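Okay, so subunit A shows up in both of these, paired with subunit B first and subunit C after.
Showing the complex of A and B:
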């Protein structure tokens, strides 16, 4: 591992926005709402699958205080996607601002803008709609059944990239790859395994629900202030749906109150934009919690079949993943999420014979989207449990089995080249990997020496240890691009303008640290602004674990260019060649000690005195690889064998994110992601009635973990140095959510000898599994 | 419930007059945390009853009197001889809610997941109601159906009297939840009176998984006169709960709810036994 003597990077500086948030200063979209705002309320579909045969908005339109009503009859019909991904999008254009068909409970029917939320609500109730009910498709099996109702039967849906798209079969995407000879690998194994797994729906549950505001500025441009992870994609999609030029749109992202992937989506801006264009008024729309659950995006439920083979010596001879993902009513991130089930999971262990075959199907259920972990979360649940099964079969400790097989520095996987996002991937050799050390340190922290097989456990309450290994990526190589602009001010401070979007992660802070390190100044000299499509350079946005690695390197490159300019001007002021000066303590000094000028002097000189110009520069960056962060998670649980209740006792999360630019924030990301993962594993559950309506769409009935549920938790950062990342950094944000379900699943098996093939691990699900698998209670 | 007006009487009589005159258009309010669950959108006037001296816990002969507007956090913090009710409040909602949510608010309008009624039934509490006169009502009668029925004329619950636990008595309580702030999936409570290891008297109650908090007389009868031991508990519970229409909440099936009820009730009996042994 390469070590550096960093001054700002790798230090836990305080988040630059911490004080303003703590003091409740205006930060979020709703904080900027003027008094004369129109409020939007939506009439949502009460049916999972229906055709709108008539709609009467006349009563609503006439109500005092109503400024407008939108429905399919008075807006342009423009096929588009809502997923905020690169262009052309790897997503079907299967969505319309309003359509004559509704495809899930919570789909749009008509929108009202009014002087108050109450008036808008009343007007929504005054809209009369008649539906022709269609048979709803409420499961993967129902979607794939011969003669199943076609959810997207409209002729104008299509996909803008050359990949299979078969809406007539309810199939959104197919994706697969083969490496080596899978069948031969299975035949060569001493033990083979073939198991089905299923992962559930989940919602991101950010504190701030979806929210956006539209205004017309003095030059008749549409200004959108939105809690979005993807301001530039939003601008592009908005121009498409409203049929106006990009140049007429400005998207501002203020502080985001949490997103976790949910706001990599374009769900509000078209409606408020259309209302603003028509009324010339400020238009505000925020989902309530129920809308966030029903209409907001979710984690794709996925069904897996995992086949694998292993030799007695621990060599994995074959690994096969067949998967079917339920994307709900719209295709959005269906293709890219299922791709990451393979690309972010299968390379983790050596195996020459790999099979990957997947499809994504439409159903009349809530829509899947981007969610932290992005397919890897689902796939690791299946693969990491199967890893434990293989280890048990050959009599090898699960840790030793993983240490033997995991990918290491200098190694590659055919999966990297085969699976990209919407196209082939990029070949990659691992340049940094601290996974071995993650496993070792994590095992020590949980005291793995206590690991004993379930057969030796007795009593009502049985404890189990479980672990898993994980990887993710850092940006999407040769697709994602980030940019940064830095300019120097009179006092030697710097404006850093970045398109990257801090969604609560602290990326404004860490990008400021990266720039400060490169410039040789303290973080207090950095004024960071993100993101605004008029004022900041382009960035794809905050997703795919890209901000630190991708936008961070763009920032570092811009800072390097600015630093060179500072050195040039400083040398000129000292009347020395640039080779004869050094930077230290925010000064440019002659190497021989004959003189020095401060950064502030240099700024003033360049702005006012001689050879005037502003010291500033811009850099863009694309990545040629997606270096994985690695992690090993360990958990200790206790199962009440009378009820099936799983109690979490201790969680250890280790992570190799390269250089942690801000260790405290990296730890915070990890703890938050782990808590989210635990919640997903144990309690979060979308419950539906027989007609496809979610019945627990509130935080009262959809159970997420809070601090009071937090088990004893230890986070260990295991540094490595990724040469291609800014100051050795890789990503940290997503990987941490992937471990809880497989680690707890393995721990349940270790406690009671019962294998869980689906979750959440509720009392009843565990209890049923105990009965189905013949759990024999010993005293 | 849509609050459209707010009054703050200074005495019980003034509050009763308001509530009487307002009829269905008035609602007594203390902590107000339960309003969220009242989905009716009819406009009502809130009659604040928190400034009438109805809060606080005092010792009375044979037990404790808890004012109706005593915050749950105060009950949680209270300690005394032969008192165990604080344990129940500790497991209820969040600390923030317990700071404002009151005993009376929790038991004047009972939701299926309510915890306090279950414990009060087991503890054989007495309800003190102020109408034209002050009357005392057994918890069995009070919780026979929705208590809100008792307050239609502006009458108010002013206090709850909880008997002290005798030296050979034990109290057991258990609540199953999904997360720490979650509502009860199943709540059980029991008070056992023992003599020479034999159950002399038992009061056993359940909620959460039951349609409405209820006493379980068949379980109690099966316990009485038998040795206080695990096998006896199991058989008493097994034989005494199948007449209840157990209801699975939060995605649980009814069948599992019944299973869970059985386990929880056995657990609370064990806890009551341990409690009694430790105090004898």
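Showing the complex of A and C:
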């Protein structure tokens, strides 16, 4: 590993927005709402699948205080997708602002804008709708059945890229790849395995639900303030759906109260934008928690069949993944999530014979979207449990088995080249990998030497150890782009303008650190402003684990250019060639010690004295690879065999994210992601009635893992140095959510000898598995 | 949003004043103590918010925990936080102290009261099993005087208690856990805090020389209201607490409960785990007694 002597980077500087947030200063969308605001309420579909045969908005429109009603009869019909992705999107255009058909409980029917939320609510109740009920499609099997009802039977849905799209079969996407000879690999194995796994729905549950506000400015431009991860995609989708030019739209993202992928979506802005254009008023809309669950985006539930073969010496001879993903009523992110089941998972272990065959189906259930981990979370649950099964069959310790097989520096995988985002991927050789060290340090921290097989355990309470290895990516290569602009001020401070989107992750801070490091100044000299389509250069937004690696490198490049200008002006002031000066302590100094000028002097000189110009520059960046961060997670649990309760005792997360630009924030990302993953593994669950309506759409009944159950947690950052990243950095935010379900699943097996093929690991599900697999009590 | 300031709210200063208000149709209102059940039900539209509310907060007659003649007298306005922190409750009614510590989360424990928990009459009310194993009583009052009702009779059915419209719950009289007896409480929810019970159970038992001398068992969330397992108690009394006895007790427990599927769990799991909880209690008591004999 390359070591570097950093001054600002790799230091836990305080988050630049921490104090204002702690003091409760106006920060979030709702804080900026003026007195004179219209409020939106939506009439949501009570049916999972129905055609609207008639709709009467006249009573609602006439109510005092109602400023407008929108429905399919009075807005343009523009096919689009709600996924905030690159252009053209790898998602079907299967959504309309309002349609004559509803496709899930929580789909849009009609919207009201009124002087108060209460009036809007009353007006919504006054809208009369008649439905022709259609048979709802409530499972993957029902969607794929011969003669199944067609969910998207409208003639104008399509996908804007050349990939399979078969709405007449309820199929949103198909994706597959083969490497080597899978069947031969299975035949060559000493042991083969063939198991089915299933992963459930989940919602991101950010503190701040979806929220956005629309206003017309003095020059008749539409200004949207939105809690969005993708301001530039939102602007593009607004122009499309409202049918106005991009130049008439400005999108601003203020602080966000959490997103985790849910806000990589275009769910509110078209409606409030349309109301603002029609009323010339400020229009505000925020989902309540029930709307956030029912209409907000979710994690795609996926069904897996994993087939694999292993030789007695530990060589993996074949790895096959067949998967079907349920995208719900609309197809956004369907193709890319299932793609990441392969691209972010299968390269982790050496294997020459790979089979990958997947499809994504529509159902009349809540809509899948982007959620931290993005397919890798689902696939690792299956693959990492199967890894343990293979290790057990050949009598090898699970850790030794993984150490033997995991990908290492200088190695590649055919999967990288085969699987991309809606097209082929990009070949890649691993340039940095601290996974071996992650495994070693994590095993020490949990004391893996205590690992004994379940057959030796007795009594009511049985302890188990489990672990798993993980990878993810860092940005989408050759597709995603980020850019930065930096200018120097009179006092030697700098404005950093970035399109990148801080979701509470701290990216404004770490991009400021990266610029400061390159410019040779302290973080206090950086004034960071981000995510405003009028004021900041383009960035795809916060997703695909890209901000640090992609926007960070754009920022570093811009800072490098500005730094060179500073050196030039400093040399000019010192009357020396630029080769004869160095930068130190915010000064340009003559190498021979003959003189120095401060950054502030240079700024004043360049702005006011001679050869005046604005010291400033901009840079853009695309990546040619998506270097994976790596992680190993370890957990110790105790199963109460009298109740099926899985109690977490200790959780160790080790992660190689290259250089941690801000170690405290990287640890925070890891701990938060681990808790998020634990919650998904143990307690969160979507419950539906027989008509497809979610029955527990509240935080009272949808249970997020509580702090009182939090185990002892330890996070270990294992540094490596990724040459292609800014100061050696890779991503860290997504990978950490992937480990809890497989590690706990492996620990449950180690405790009681029962294998969990689905989760959450509730008491009911553990007990059912104990019964089905013939768990016998031994005293 | 439900707001108290949009309701007609009375703040009587004495119990007598409160009972006067409750006595008359025209002045009566919904009694409100900590509000941890009612405010949520009103806000969520589960129950329509009433026009009129009688606040019981701060009534001195409803406060206090005192030990009198082998009986703990607990005012209806005692909060869960006060219950769990009380040395008397911890020492003499340990199952009740344990149950109070599992209600909601600490914020709810600070406001919610024992009287409110019982008046809410939820089948999943956390305190109910710990109360009924004491064999104690609840005292209710109206303007014409007090009425003492055995707790097992007080819980009449689903969301139904033996309380008239003009009455208020005043206090609980709970016989202490006698010397030589032990108590346990166990709640099973999805998580440790902020979870309504899937099931919970409480037990008071005396074992001497491996023989069960007396036992009281109650289970909640498995029937329309909390249930005492009286037939099982009778069967267990006088028996040697060995594996055969425990296995039969589990079988009898499972057949005594009548749980349902709902948003929190399944009938099948509740049935199985109610047996497991009784096994857990008997195992623990038997092992503890065995340790002491050694």
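Heads up, the rule we're going with is that the second predicted complex is superposed on the first by the 778 of 779 C-alpha atoms of A that agree within 3 Å, B and C clash if a C-alpha of one lies under 4 Å from a C-alpha of the other, contacts with A are read in each partner's own complex, and residues count from 1 in each chain.
As a convention for this text, contacts are C-beta pairs under 8 Å (C-beta built on N, C-alpha and C of every residue); 3 or more make two chains touch, one makes a residue touch a chain.
The model shown is predicted, which means the values in this text are computed figures rather than measured ones.
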item: Fit-or-clash call for subunit B and subunit C when the two complexes are aligned on subunit A; value: clash
item: Subunit B versus subunit C as contact partner of A:696, first or second or both or neither; value: both
item: Partner chain in contact with A:687 - subunit B first, subunit C second, else both or neither; value: both
item: Partner chain(s) touched by A:195 [first = subunit B, second = subunit C, both, neither]; value: neither
item: Subunit B versus subunit C as contact partner of A:33, first or second or both or neither; value: neither
item: Partner chain(s) touched by A:642 [first = subunit B, second = subunit C, both, neither]; value: both
item: Subunit B versus subunit C as contact partner of A:764, first or second or both or neither; value: both
item: Touched partner set for A:404, first subunit B, second subunit C, both or neither; value: neither
item: Partner chain(s) touched by A:708 [first = subunit B, second = subunit C, both, neither]; value: both
item: Partner chain in contact with A:454 - subunit B first, subunit C second, else both or neither; value: neither
item: Subunit B/subunit C common contact set on subunit A; value: 642-643, 645, 683, 687, 696, 700-701, 703, 705-706, 708-709, 762-764, 767
item: Residues of subunit A defined as touching subunit B within the complex; value: 642-643, 645, 679, 683, 685, 687, 696, 700-701, 703-706, 708-709, 762-764, 767
item: In the complex with subunit C, residue positions of subunit A that touch it; value: 460, 642-645, 683, 687, 695-696, 698, 700-701, 703, 705-709, 762-764, 767-768
item: Interfacial residue positions of subunit C with respect to subunit A in the complex; value: 40, 44, 105, 188, 190-196, 198, 263-266, 269, 272-273, 276-277, 279-280, 283
item: Subunit A partner contacts - residues on subunit B that touch it in the complex; value: 94, 176, 178-183, 185, 248, 250-253, 256, 259-260, 263
